[in-house]
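As written, the chain order gives the labels A, B, C, D and E, with residue 1 at the start of each chain.
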Amino acid sequence: MINDKNSQKIVDHIHNFARKHSLWVLAYGTGCGAIEIPPTMTSRYDAERLGVRGAATPRQADLLLITGYLTTKTLKRVIRVYEQMQDPKYVIGFGSCTINGGMYYDSYNTINALDRYLPVDVYINGCMPRPEAVIAGFTKLQELITAGKADGAAKYKEKLEWYRKNQKNVIPNWTMPEYNW
Amino acid sequence: MKENKVKLAKYLKEHFPAIIEKDYNYNRIDFSINRELVPSVLRLLKEESGYIHLSHISCVDWLEEEEFELVFIIWSPVDKIKILIHTRIDRNNPVMDNIDKIWRQANTYEREIKEMYGIEFTGLEAADEFLLEDWNGMPPMRRDFDTAAYASNKYYNRPGREDAMDVREEIARHSGEEIPDFAKKYSR
Amino acid sequence: MESLLYSILGVLVSLILAFTVGMTYMGLSRKITARIQNRIGPPFYQNFIDAMKLYSKSTGIHHGVMHHLGPAFIMVTSVMSLMIIPILNDSAFFTNMNFHGDLIFLLYIMTFGPLGMALGAGQTGNPNSAIGVTRGLSQMVGFEIPWVMAIIALMIRYDTSSIVDIMNIQADAGRWIMFSSPFTFIAALLAMLGMFRYSPFDIVGAPTELASGPMSENGGKYLFTMMSSSSIFAFAKLTLYVNLFMGGADNLLVLIIKTFALYMVPLLYGTVSPRYRTEQAVRYFWGWPSFFGLLAILYAVFF
Amino acid sequence: MNSIVIIFLIFLAGAVLTYIGQRLSNILGSSLFLLTIFAATAQFYLRVNTGDIFSFSLNGLEMEWGITPISWLFSLIVLGLGSMAAVYSISAMKAKERLGYFYFNFIMGIFSMMGILLSRDLVSFFIFWEIMTWSSYMIVIYEGRSVQKVGIKYFLFSAIGAYAMLMAIVIIYSQVHSVLIEDLVYSFSSFTLAYKIWLPILLLTGFGVKAGMMPLHVWAPGAYSHSPMAYSSLFSGALSKMGVYGMVLVFSMLITQIPEHLLIREVIAWLGALTAAIGTLWAIAQDDAKKLLAYSSVAQLGYIITGVAVGTELAMLAAIFLAVLHALFKGTLFMVVGAIEKQTGTTNLTEVTGLIRKMPWTFIAALMSIIALAGIPPLGGFVGKWMLYEALIASDHYILVVLIFFASTAGFLYCYKFLFGFFLGQEEKEWAHVKEAPATMVVPMLIFSVLLFVLGTFPGLLLKPIDIGMQELGYAASEGHYWTMSVLFNEYGNAIMLQPILYAIIAIFLFFLVFLTAKAFKGTRYVSTKDISSSGEVPGEFENLSFKENFFQPFLRAVEPVMKRQIDWYYTLVGNGMEALFNFVRRVYTGNGQTYAIYAIVFLVILLLLKSNLFG
Amino acid sequence: MREKATTLYIGPQHPGITGNMMIRLKVEGDTIVKAITEVGYLHRSFEKLAERRNWLQAFTLMCRFCVPEPDPVEETYSRAVELLEGRSVPDRAKFLRVLVLELARISSQLLWYGGQGASLGLYTIGQWSVGDRNYILDLFEELTGARVYHMYIWPGGVRRDMPEGFEKRVLKTMDYLEGRLDEYEALMFDNAIFKKRTQGIAIIDKEKAIEWGVVGPPLRGCGIKSDIRIDDPYEVYEHLDFEIPVYEGGDIWARALVRRDEIRQSIRIVRQVIKEMPGGSYYNKVPNPQKWTIQKGDAYARTEAVRGEIGFYVVSDGSNHPRRAHMRGAAYVHGITLLEDILKGANVADVSSIMNSLGTCPPEIER
């Protein structure tokens, strides 16, 4: 509708402002990090004051929290859920396990580096990350959104083949329905 | 406690002469028996002696001895004694009798042991997959399954996992941030 | 022609007003809930940001034409009911289209949206949506009974089915219907609890039961439309209640105070109530609220 | 020759010719069938004027055929729906057996209904009534022995109604010594009180059976749902309206002459409202679309009966308006079911799913009719419902309003179930082959949908003839008082202006349609219904994602006490087992058409004998 | 051919699920005709990994078995290893362990309050109780250095002594909590709707409870007094004075009442422990972990965790790492067979509530 470059910039700015202050987290506790989500959301830490709130289904969500280690079985579901989310969408990796496998580095059932399979915008380290750290992660993501750098979803589309190759490497039976992006 | 255990051992000996008893201190007593008799021992203990609670079923892989050891741990709230019943089965032909008719919860244990060790429980009715999805290798809990090798083959390992490497600078370079002073002074 | 333009302008202004006020109320409700829950809560304008975010989603999916149109149906209901509810007493500007409709028309136009939403949710093929819809429609049958009883009582008592007339009657008598026909008010208020779908009547989109029910497949722009629609509708409903039972409002400030006070009822009740099951909710509405509705009718007939 | 007689001759000759023609060839049969109905329709509307009277005497019995405004109005239903259903049935009945039989009875049905409307004496009224019962009965049992139980139920109740009516006619004749309706009306006030009470009750029993009034509605769900859908639309849309027609006559002519405190009005109005409520609840519980629509018809007729029984100007206006609309939307809905049955082979709402993209036109027709049925503005159903509520409130029937409103709101449930069941939900592989129904089936439905739409905004088009008909029945003119072309008024003088509402709705709808669709506002794209957010899981191949079974279970649980027993149960209780009763009836009556014909003839003979021997 | 009943997925991505697991519900109307649980989304194979670690390294894995209540698992593992080795634990360590265990019990029950409330749409109680739970986590943080995974109870004792003035802060927190509990109970247990939603739902009768091996609060909610702290006492529980709440009924309501009372009892225990805390050492030092070998044998230790009985079967082959460390989770029984059985015939609306009341915890099942 608006072709002018400057006004596009302004529109982008407004959009980014809205996006960063309204992060709807998909209700999916993939790992043990899920235990620190309730404290983050409830009275002491109250992430809702940053505009972070839960969303029940992937269609409504903006933010996918990978709360800890991912088994291959969960990874398959996470990929499906992630692909059902609407752009722009963000991924936060929680805890050491998502970064390099953490203490499960030698487990036969968990992946060791999340960003090979999904585009991660922000990692929060720790085991467990404390609610403060989680909130710091949210603010970091907000900064990235403002700067326009939280473009994981775009990267994912761009490098889809690479991601798919990695995903299919670890998921033995790839029975996903056909998506049209 | 002590006399109860002696009585119990005597009682079981009467019914199952082959049973081997081993007493531990406090409230534990162990019995070993061959696998065919395990269900009848358990049924006897549950129905006649009040050992109504099946606390645990475990499996140990004795690779060196080519055997699996199955351990059934049962508990009586009246006697307050826990009994460990050990049985050994051939590792190359691992078959065991199903006891989920005696205790319903045994079903879950057996499903897991079947999946993790590849032990067949005769007459077990449950879905094939329990914890693993589309697993078609060696049952992973067997001693000869090398999980570290499997993991390093299958999954990408991020560099820096090797012991005692300081990755902070690399992370900082990657994310374009300064390392805060307080972080600098800690070192391994 | 000029008057048409004038009323279209009035409609647009009241739409913007309803959207703003409704959104702010919802934001405030989040804030108030948060305070009850010992939290700071989001800023009161959080809902505007959320709406903006939803609109700025760069992709959106639908599962077919009814799903696509569902939000439009809902919007028709919200805007239509806003249009036939006068916003202020004796205001030329905010009369909208109130002379075109009456209470029974309002009852029916209010069901247009749920049906549209139900159709939209139905086409997604998501079983959660379908279950949510069955729950929502069942609940609607529940709360419409006391609500229609209250409306009939009003019509009997005041010999009119026009909202404007009822407002004028209150202005003339100098007494709110809330006090002069208390049973009617109670029945309508209890029905309102269901209409607002806060706990304990939030059975439609109950997250822990059905993900988010009929909205399971709606994201981005659809959710934005539904969100705006529900805030407009909330304002319309509150204004209607204020008009019918609390003497209407002479200016916007009074209107906002009155609607907000009314809004607190479902909100505060919601924060301390668990959720009913569907049949319990339906039976609840056919219990005490309908009894009060019956009393209201008897009261209107005999007094 | 009199134009009325010509119509009857067209029908009779057409019926026979069609039957013979169908024996010769399909095309000949179908074209004769259509020709007959259209010729008769044309003859009726072009050549017959109100006031045409054909009187004759049979065995000394004065009889009269003629047309009044009110019967002209009902003829709209019969001929309009009849001709559309005829067009529809050409495709719908394609490749079915015994078409000649079907066509014959179809024409005879319309013929008899026209006969009822044109009769101005009770004997020919009764004869045509029996022909109607007989022809519809023949179609109910069209599908053979499997529906015999249903047929017998229909037969049994029709017989009860017929006996009641016959008894009433005999009484009337004994009192008035004439069977002309106007004589009856003229001398009714001189009847004794007992006759004044019993006559309307007997007549209403007869009409109530056809109109499906509780507790005489038991036959209706089965009969509606088991006849071929092409006929069901006529059956539920027009044939049941004959009962309403009779009731209108009884209430406006006879009951106005008896004292109010006898409460006949109240009782019938309550029965109507209860019919509406119970019928709605049972419709919600149905899984078969035909059954659902059948119960829905029972419920809708309940509204109409209530309106007729309350009998104030506005109520009568509303009732007749609703009667016409019911013919439109229920006719369409039965046609929709027929179309779906033809394309998918089943009418089970739990099996068929996701047809919206396969049968879009059918869906539009269904949606329009459903919106009208549910009474949602801006379609026609709203006008009728609104007038009914206002009439009930104005005539102090407050609890009835609540009951009717309950039925109407609960009606949304089955409306949604119908739409969701067939058209929405998952698109399953097993229905991937389904195509849109042929044009001859779709066009009648769409015509009706357009009519519903037009009547929603310009109800005056229909209210005008109703008004004229009601004036004939002795009501004051209501135009300008209760309605104008597109404005409705209630007793309090509040108005609903339908035009601005329509325009506003269209404007809002279009605005958001554009908003949701246009690229400029970030367009969206279609994804298949298989790609739903099912908690991250990929549904298995055989897993059913369509939520169909026990659709409204929570609601039905809430109303469980009311629905514990079908009305049938009470009949079974009374008759020491309906099964036993059926068996008895089956022994008396073998279940084929001929015996019914014999039965009807016997009736006639008895009537004539009675005439000459008893009262001669 | 398509199935008749509709498939409804509860989880893994679902707001109502109590962890990363899936229940495939087959529903007709809102009645569940069949429920199939599917687990394995969290299977990391701790036990396999533990076989590759030495005795002390394995302990860091163990506490991560069950997220909401890591301490009972640490306790059970440590005690199993101690039993196996015959290592004794100082008295002070025992008291500290009981302190941590009971604090963990309170914290977990507070989390349950949130789960049970939210599953029925009462979000306020969750906000309160999970918020107040932070005070307990603060205590943990002070004592152990971590909020969630404390790694405090380890073989040979505990890892640290109490800091200065810790007792006072514990007591203060307990006083505060006790006051708050009244509010929770008023909000939840005095609520007519809550009663309507829980009474008579998901009934387990006594015979079934025994037959299916139910443990913990669900068992006590059936009217069976069974608690390992009394039946098979460990640490110092036999010297403490507390009651085991038992309620008849076997429905969600009874289980909720049991949990409600358990918090009060835990507070009572904590107060006693603080009062009777002996002095002395808190740790019997183990050898250099790399060289720490344990003689061949096996041991089984059981603990009453919040959800019920957990047990550790530890086997040593004489080396410096466990041959087998097999845990039995409390939810292992409730989570699969029993849940499937109870859900059959239940209402869709109650699934989440039932899971919360049974205390289904997938990580414990899957390990």
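Criterion: a residue touches a chain if its C-beta (ideal position, glycine included) is under 8 Å from a C-beta of that chain, and two chains touch if they have at least 3 such contacts.
The model shown is predicted, which means the values in this text are computed figures rather than measured ones.
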Intersection of contact partners for subunit C and subunit D: A, E
Labels of chains that are neighbours to subunit B and to subunit D: A, E
Distance-to-centre winner among chains (Cα means, whole assembly as reference): C
Pair joined by more contacting C-beta pairs (B-E or A-D): B-E
Most remote chain, CA-based centroid, reference being subunit B: D
Farthest chain (mean CA position) relative to subunit A: D
Subunit A and subunit B: spacing of chain centres that average the CA atoms, whole Å: 35
Inter-centroid spacing, subunit E versus subunit D (mean Cα positions, whole Å): 64
Centre-of-Cα separation between subunit C and subunit B, whole angstrom: 58
Multi-partner residues of subunit C (at least 2 other chains): 37-39, 55, 57-61, 127, 131, 207, 211, 216-217, 220, 277-278
Junction residues of subunit E - those touching two or more other chains: 6-8, 12-15, 27, 30, 40, 43, 45, 48-49, 52, 127-128, 131
Multi-chain contact residues (two or more partners), subunit A: 27-28, 42-43, 54, 56-59, 73, 77, 81, 106-110
Chain-to-chain touches, reported pairwise for every pair that qualifies: A-B, A-C, A-D, A-E, B-E, C-D, C-E, D-E
Touching residues (chain side subunit D, partner subunit A) in the complex: 520-521, 525, 527-528, 530-531, 533, 536-538
Contact footprint of subunit E on subunit A as seen in their complex: 26-32, 34-36, 38-39, 42-45, 54, 56-58, 69, 71, 73-74, 77, 81, 103-104, 106-110, 127-128, 130
Residue numbers on subunit C that touch subunit D, as the complex places them: 55, 57-66, 68-69, 71-73, 75-76, 79-80, 83, 97, 99-102, 104-105, 107-109, 111-112, 114-115, 118-119, 122-127, 130-131, 133-135, 137-138, 140-142, 144-145, 148-149, 152, 155-156, 159-162, 165, 211, 216-217, 220-222, 225, 277-279, 282-283, 286, 293, 297, 301
Residue ranges of subunit D in contact with subunit C within the complex: 354, 356-357, 367, 371, 374-377, 382, 385-386, 389-390, 393, 396, 398-399, 401-402, 405-406, 409-410, 412-413, 415-416, 419-420, 423-427, 490, 492, 494-497, 500-501, 504-505, 508-509, 512-513, 515-517, 521-530, 532-535, 545-547, 551-555, 557-558
Subunit E partner contacts - residues on subunit B that touch it in the complex: 27-28, 52-56, 58-61, 71, 73, 75, 77, 80, 82, 84, 103-105, 107-109, 127, 129-133, 140-141, 143, 145, 147-148
